[in-house]
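As written, the chains take the letters A, B, C, D, E, F and G, and residue 1 is the first residue of each chain.
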Amino acid sequence: MGVLLAVLSGFVIAAVAPWVHRGLGRHGGWVLAALPAALFIYFASFLPGLGEAEGGRFILEYDWIPSLGIQLSFLVDGLSLLFALLISGIGFFVVAYAGRYLEGHRDLGRFYVLILAFMASMLGLVLSSNLISLFVFWELTSITSYLLIGYNHEDAKARKSALQGLFVTVAGGLALLTGLIMMALVGGSYELHELLTSGDIFREHDWYMGILLLVLLGCFTKSAQYPFHFWLPNAMAAPTPVSAYLHSATMVKAGVYLMARLNPSLGGTEAWMLLLGLFGAVTMFVGVFLSLRSTGIKQLLAYSTVMALGTLTMLIGVGSETAMLAAMAFLLAHSLYKGALFLVAGILDHEAGCKDILQTGGLRRALPVTTAFAGLAALSLAGVLPALGFVAKELLFEAVLEAPALAGLLSILAVVSAMMVVAVAAIIGIRPWYGPRADTPKRPAHEAPPALLAGPVVLASLGLLFGLGAGWVDQGLISWAAAAVYGAPVSPYLSLWHGFNLPLLLSGVSLALGLLLYLNWERFRRFTGFMEVANRYGPEAAYEKSMSGMVWLSGWQTRVLQNGYLRYYLLTILVSTVGLVMVTLFTRTDVNIDLDLSGILVHEAFIVAVLLMAALVSVTTRSRLGAVASLGAVGFCVALIYVLFSAADVGITQVLVETLTVIMLVLVLFRLPGFLGLTPMALRIRDALIALAVGTMMAVLKLAASTTQYADSISDYFIQESQPSGYGRNIVNVILVDFRALDTLGEIVVLALAAVGVYAMIKFRAEDRK
Amino acid sequence: MNSQFALQSLILRTAAHFLLPLLLIFSVFLLLRGHNEPGGGFIAGLVAASAVALYMFAVDVRSAKRVLRFEPRDLMGWGLLVGVISGVPAVFVGQPFFTSQWLELKLPLLGELKVGTPLLFDVGVYLVVIGAVLLILLSLAEAEGKTDHHHGGG
Amino acid sequence: METLMAFTVGGLFSAAIYMMLRRSIVKLVIGLVLLSNAANLLLFTQAGLLRGAPPLVPKGATQPTGVVADPLAQALILTAIVIGFGVLAFAVVLIHRAYEVVKADDMDQMKDTDT
Amino acid sequence: MVTELLMEILISFFLLAGVGFIFVAALGLLRMPDLPIRLHATTKAGALGGGLLMIAVGLESFGDVAVAAKAAAIIVFLVLTGPVAAHLIGRAGYFVGVPMWSGTIKDELKGRYDHKTHTLMSPPGLSRTRDEQSD
Amino acid sequence: MIGPLASNILLALVWMGLTGSFTGTNLFIGLVLGYLILGSALRDQPGFATYASKIPKAIRFIGFFIKELIRSNLKVAYDVLTPTYYMKPGVIAFPLEARTDGEITVVANLISLTPGTLSLDVSSDRKVLYIHVMYLEDEESVIESIRYMEYRALEVLR
Amino acid sequence: MRLEVALPVIIPLFFGALTLTLWRWRMAQRVATATGTGLMLLSALWLLAATWQDGILVMHMGDWQAPFGIVMVSDLLSAIMVVLAGISGFATAVYSLTSMSKRHEAFGYYPLLHLLLAGVNGAFLTGDIFNLYVWFEVMLVASFALLILGGERAQMEGAIKYVTLNLVSSAMLLSAIGLLYGLTGTLNMADIAEKLTYAEDPGIITVIAMLFLVSFGIKAGAFPFFFWLPASYHTPQVAVSALFAALLTKVGVYALFRVFTLIFTQDVAYTHGILLWVAGATMLTGVLGAAAQYEFRRILSFHIISQIGYMIMGLALFTPLALVGGVFYIMHHIIVKANLFLVSGLVYRLKGTYELKELGGMYRSHPMLALLFLVPALSLAGMPPLSGFFAKFILIRAGVEAEAWWIVGVALVVGLLTLYSMMKIWAEVFWKAQPEEHANRSAHGSAGSGVLYLTIGGMAALTVFIGLGAEPIYRMADAAAHQLLNPSLYIDAVLGERQ
Amino acid sequence: MLEFSIFIAYTVLGVSLVLIFFRLVLGPSLPDRVVALEMLATLTVGFIAVYTLSSGVTAFLDVAMVLALTAFLAAVGFARLIAKGGSQDGD
């Protein structure tokens, strides 16, 4: 039960979080942070046993919806543990941080609910072995993320950004769902641990490309790959702890996680390599480019996150052993330094009121600790020795240089991006702290409190520690994770120092050029101002256009279809009906219609003729009472037909009902105006043609049906049994009150209901309400 | 107000006084023999309702309501209740709903009489039809008086 | 006779539909009356037409002598007529009330609820 | 045999006379020039035609007293309701001013009806031929 | 004049006629039904129904009436069937002898059913019956024949 | 004899009649309503349990043997539908006891409610095609009357369209039944099915199937027949809207399921192919219709249509899994849609308007209500782990299995657009600050909303349960689909086993 | 002989039906149409009588009975409508 409890505990604590918050006030954050802390320890406890576990993983299954193949099954291996540790570890700092950062905010209680629920969902996502339960958690992260982005919900921009994020990720999610279902159908199971070993089945199946595209659509949208990257910077409308947690360290990596996870099943093909490699590389470049174009602190960090996500995608695409090691190392490095930097951004906002980098400067005296650890994190970001970022960058260069395809393109993009990342790192690591003291919106009176500092300090330090102890980290978690992604054990390769080689050279070059770029940052921004124009036609604009297009289409469709005109509704229905029936009649049957006019008696012909003429008159007369009188004539003729063809009760009923109908019409028409000729002739002709078509359809149907009879009528039974069993000689009446009494019961209910309705309409008038 | 509703005709009014009982007895006749000859609860109910409607046109709405003695709504309710309940006794002898139950009555004066739940059911139909039709017609008639009053003539 | 009745039914349906396609709500109601007559008549003729043979058992007999018309169809039509009557009563009063609140006998004045 | 033939002739006579009068009523309805005159045609000929037909039915009777009784009842009903309807339609038509035939030579009803109070006055100076009792 | 009892018996007879069963049982049912219907429907109209007291007179009257009916119809039929109109229509005011509602109604209806006359309406003071007459060549004789019929009818009714 | 088959019809009929006779006594009507709907729910649960245990149950009404008399038949689909009617009926009744105005109560609201439920249950349970028509009419006329109760102009306008189009549907149904009766000489659906099994040259049956398709399509609110629905559903009292939204169209869907699994299976490629197009177009037009709306209940109304499309999709794909999906979807949707309407009613009660533009600030002021909206709203949009997700999941999986890619695509896009509409409501009603100019509107304040919260909460809990506890629900839907795909089970149960 | 009479009777009634119908259509006033409608009821009674004679089935007399007794109600309704001035639309 352990893993299940671990995953669900987040939801449980979330449910009680508002009360904890209310009861404990400012200490609530620390108390609630105990949960992620405990979870971290719990997950860490798997580490020692992982090496000896069978296949390097634990599998735990719980029944959920076994009939559908949906299970709560968990797969604990290097990859999921790496993520679980990041999620719970960073979660601890974020929850503690938020308790202070959002202190006094009226919605803090709900914030805890959402952030803890999110954490639980995220854990569920990365630990799930069942594709569908994975998807369930996947969508839960979308929803919680939506609610968190819209945290400042009275701000229209926050609402809009939240919707954008939700819409893009859910759209991808739906594609993903289809892809996962297809995978399960092909692989014969929803269990990842079963599917991961059947890669060849997938790669050789007709559906492979479909599955691949659908799954990647889900991953790309979730992980903000170009061209779906635009929602991520907008998501910065969320409070900073959310940005730090969801939009850098955890949720956006869900797509990366899934690509990594599915690499053994779907990877290893040219399509995989090209799609991931290209999209990843482009995203990487676009991300860092846009990051450099930003001055908003969170924007800048968000775009650099896009860069990181692109990098990870590219590496998974490359697919080599080195690439997988690089990816896992980079993932870890990025989570640590980006988490730290976002929290630092939060401190800048919280203490100095700065949201824009240009507002900052010279804050190192006021915030010395922050400065130090921001610098440390930036070093890792820049990939400077000896931070973990450096190790990752080395491996990255090595992986792209040896990429099985596109090595040149990827390498160039990687180096250029790395250079620009250095500039970004300098902007965040140097610019706010050094130089002349800027006139910030708020003057920081003192260093940030421990709750805010804990995260940056620990995370940045870990970035350094893991760099220094790269080999140790490598022996453990990273190589297990890489092995899970690679689908086979990987030879340990991770270390701080690999000697002088091409990657190191590239690293040095990028560092130097990056610093140069930093010094010319303003000029860079000016030169690339043309990008604003490009934005107008970029993916975000396309998104906006399609949304407004959808709303326009919706309005248009409603105007056309739901136009308020009853007769067009009728027209649509009738034309569809005639079409359906006639097409079916001519394509599915051998139409066989006998026009047999023999056996008609003279008076019957007279009656029918008058009936039809009366109907015609009721339609054409310009006098509404004349129409009613004609209706009466129609009624009498119908009654005569009933009588002439042996239906006595029906005849009586028809006569009585006809009379009462006329009385009713007369009572009501008294109030109504005369007929109006409201329709032009052309339309009347159209309507007449349609009416004729309907009439013809019914007549043809009647004739066509008359030529066939599959069985004798059951009415013989009633004729035989009416007197002996029903004790009545009027068979129709015996049917009504005995054989089919239920019909009659329904019929009188209808009558009673109609009467109640009439009564209510007449007596219960809205206009009488004073 | 309501007296305005009726046609001001002495001849019609007198004829209606005469026709009303005639129509009502006719309707009972149609109801009772409906099981064997054309007729039955529905037809009978319509005839009875027509009788009262005639009275409404000939005399006035209030008198028509008095003729009826019960509120049409209540007639409807009771009729429906009778109709539903007539299907229930079968259940107590272990048969499905609406299985007819017949009683042979030997009455001193009337001789043998076969009475069954289908007849009861037909009585329910009869009551519902009278109630429903008259609820409709009387409401319409009353509404006319009302709107006459409020908005003037049409 | 089948053919003649087919024409009759078709004609009634045509007339009903034409009336229902008008803008005037009064015409709509007239269309509804015709429609219900048309459907009933279709049901009636579909069960076969027989002259002078009502489904009645003579006094003292247990079964009718000879062939009689289909009693089931007649029972169904009876039910349908009654239902049609109830529905029509409702519809008639509805247009009456609609006219009172909208103050026009024109469906085109009654499209606020849709858009 | 003879009685049967006689009966058949009798029935045929009533039958044809009946439909003949109904035809007269129908033709009169179509041909007569104004509303009251048409009413004359339908009220009388209709009742008589229907009555004669019912007599034919009653004569046949098919050995059933009830049939004769029904036929009689129908005659009674026709006679009871026809004139009342005629009176209602006739006066309604008159009061709303349905034009009378140009050949109409006298109209003592003209101007006696008050549309507001719905009262119909009797002509001035016209009193009952016998002594009036309190009314 | 005859009172509710007669009405009751009459209704019972109508009932027997309707049901076509002239047995003691059915008479009893008819009486009970008639009682119930009269009791409930016409409880506001005491002393209603003043018809059919004198059976022989009634029978004689019926004979007279049928003769008139046929006569009138032949006359109308002739006018209808021949191409030219022979009629000289007009509306006259006929001073009524009949008093009670029942009398007036019966008389008016009989007038409608007999030669060339059609009751249009009774004046509000119930003194005058307005009659549409088809052949108004001689008003006096028309009124005289109407009066004769009224007399014979009242004879039966009173 | 199985009493329980008829009880879900007899009980509301009885209480409908009873409340009619209690017209003048408001309290008695209220007590009778609570009792009646409660008993109906219990009888429905009994029926479901019995059907689950003993298979298809039959009651021969009047003890007349099968093809002659009217039979009431309860297979799992019917029993499930009856339970859903019981739940939504009971919830509506409870909600109404608090929310209905005295005038509504005085003008027959309760009798109409009971009789509507009787009609709905009758339609679900009857095994006779003409009797089905009768129950349809009962349900319709009851809904007519409920629709106009209140006498507002919008109600009249909406009702004219509702009434007219539904009458066209009824006339078509009646004609189609007439034609079918002429062909087969019987009205018992099992008997019809059996006679058609051996029919030579069944082409004409396919033609008549089209008439049934249109007629039930109108009642179900399918494309292109749905116009009456958005024209009217937002006009009556909200409890009425909720009941309509939950049940009425579903009776049409049920009827489609019934006849297109039992009777019209001669030419499945053709008939169900058409149904599939209908399903896709219904989903799309419905969901697009909602996107332009800015009135709470109108949005919900259009979404009924799009959701109907999913159910028909289940029928149209006509694979075991697809039918499971269709049945599951119906179960999910009835609960969720009724709940959403009830939420809209509570919002109206608190704020006095349904216009999104005039609403706002309720996330702050009524967080509980916000949560109770979010649950059904996200469920409707198909978000996991709520009921709607599994409903869509099954259908999409069925579509993928059948390689009906376009319908899968449509189903997915429509899910996304549903989310768009739901989040629009969420953003406008709950997140957005209350617009100043409409701040002081209030219809009822919050008096008596405890019961309403309880109703809504109960329904929301059901939604969550159908999601998290999907296994038993799935198994039930699976068994229902199994019965639908094996009409001989139904036929044998009704007509008895024969050689 | 009776058979031939019946044939004649049916035909004459059929013709009468058409004649009445023309008055119904031609009007010109509403009361004229109402008279025609009233006559139509009488004609239906006639049809039933002939039908009874021709088929020997007496059950349809009940239809005639109901018709004779209630059909004039429509005329009453119309008369009332006319009297209340409700026929002003060119009737």
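The rule is simple: a contact is a pair of C-beta atoms (placed from the backbone, for glycine too) under 8 Å apart; a residue touches a chain by one contact, two chains touch by 3 or more.
To keep track of the chains, here are their UniProt names: A = Multicomponent Na+:H+ antiporter subunit A; B = Multicomponent Na+:H+ antiporter subunit B; C = Multicomponent Na+:H+ antiporter subunit C; D = Multicomponent Na+:H+ antiporter subunit G; E = Multicomponent Na+:H+ antiporter subunit E; F = Multicomponent Na+:H+ antiporter subunit D; G = Multicomponent Na+:H+ antiporter subunit F.
What you see is a predicted model; the values in this text were computed from it and never measured.
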item	value
Chain labels contacting chain C and also chain D	B, G
Chains touching both chain D and chain E	B
B-F or B-D - the one linked by more C-beta pairs in contact	B-F
Chain nearest the global centroid, as defined over all protein CA atoms shown	F
Inter-chain centre distance, chain A versus chain G - centres from mean C-alpha coordinates, in Å	70
Distance from chain G to chain C - Cα centre to Cα centre, in angstrom	20
Whole-Å gap separating chain C and chain F, where each centre is the average of the chain's CA atoms	28
Chain centre separation (chain C, chain E; CA means) in Å	39
Shared interface positions of chain F, touching two or more other chains	13, 16, 20, 61-62, 111, 130, 134, 137, 141, 144-145, 148, 151-153, 160-161, 164, 168, 172, 175, 179, 181-182, 187, 227, 230-231
Two or more partner chains touched - positions in chain C	20, 25, 28, 38, 40, 42, 44, 46-47, 51-54, 56, 59, 72-73, 76, 78-79, 82-83, 86-87, 89-90, 93-95, 97, 100-101, 107, 110-114
Interface hub residues of chain G, defined as touching at least two other chains	13, 15, 17, 34, 36, 51, 56-57, 59-60, 62-63, 65-66, 69-71, 73, 76-80, 83-87
Interchain contacts, given as pairs of chains that touch	A-B, A-C, A-F, A-G, B-C, B-D, B-E, B-F, B-G, C-F, C-G, D-E, D-G
In the complex, chain A residues that touch chain F	63-68, 70, 110, 132, 135-136, 139-140, 143, 146, 150, 153-154, 156, 159, 162-163, 166-167, 170-171, 174-175, 177-178, 181-182, 185, 550-551, 553-555, 557-558, 561-562, 564, 566, 569-570, 572-574, 576-577, 580-581, 584-585, 588-590, 698, 701-702, 704-706, 708-715, 717-718, 721, 738-743, 745-747, 749-750, 752-754, 756-757, 759-761, 763-767
Touching residues (chain side chain B, partner chain C) in the complex	36-38, 42, 132, 136, 140, 147
Residue numbers on chain G that touch chain D, as the complex places them	1-2, 5-6, 8-9, 12-13, 15-17, 19-20, 22-23, 26, 29, 31-32, 34-36, 38-39, 42-43, 45-46, 49-50, 52-53, 56, 58, 61-62, 64-65, 68-69, 71-72, 75-76, 78-80, 82-83, 85, 87
Touching residues on chain A, where the partner in the complex is chain B	648-649, 652-653, 656-657, 659-660, 663-664, 667-668, 670-672, 726-730, 733-734, 736-738, 741-742, 744-745, 747-749, 751-752, 754-756, 758-759, 762-763
Interfacial residue positions of chain G with respect to chain C in the complex	51, 54-57, 59-60
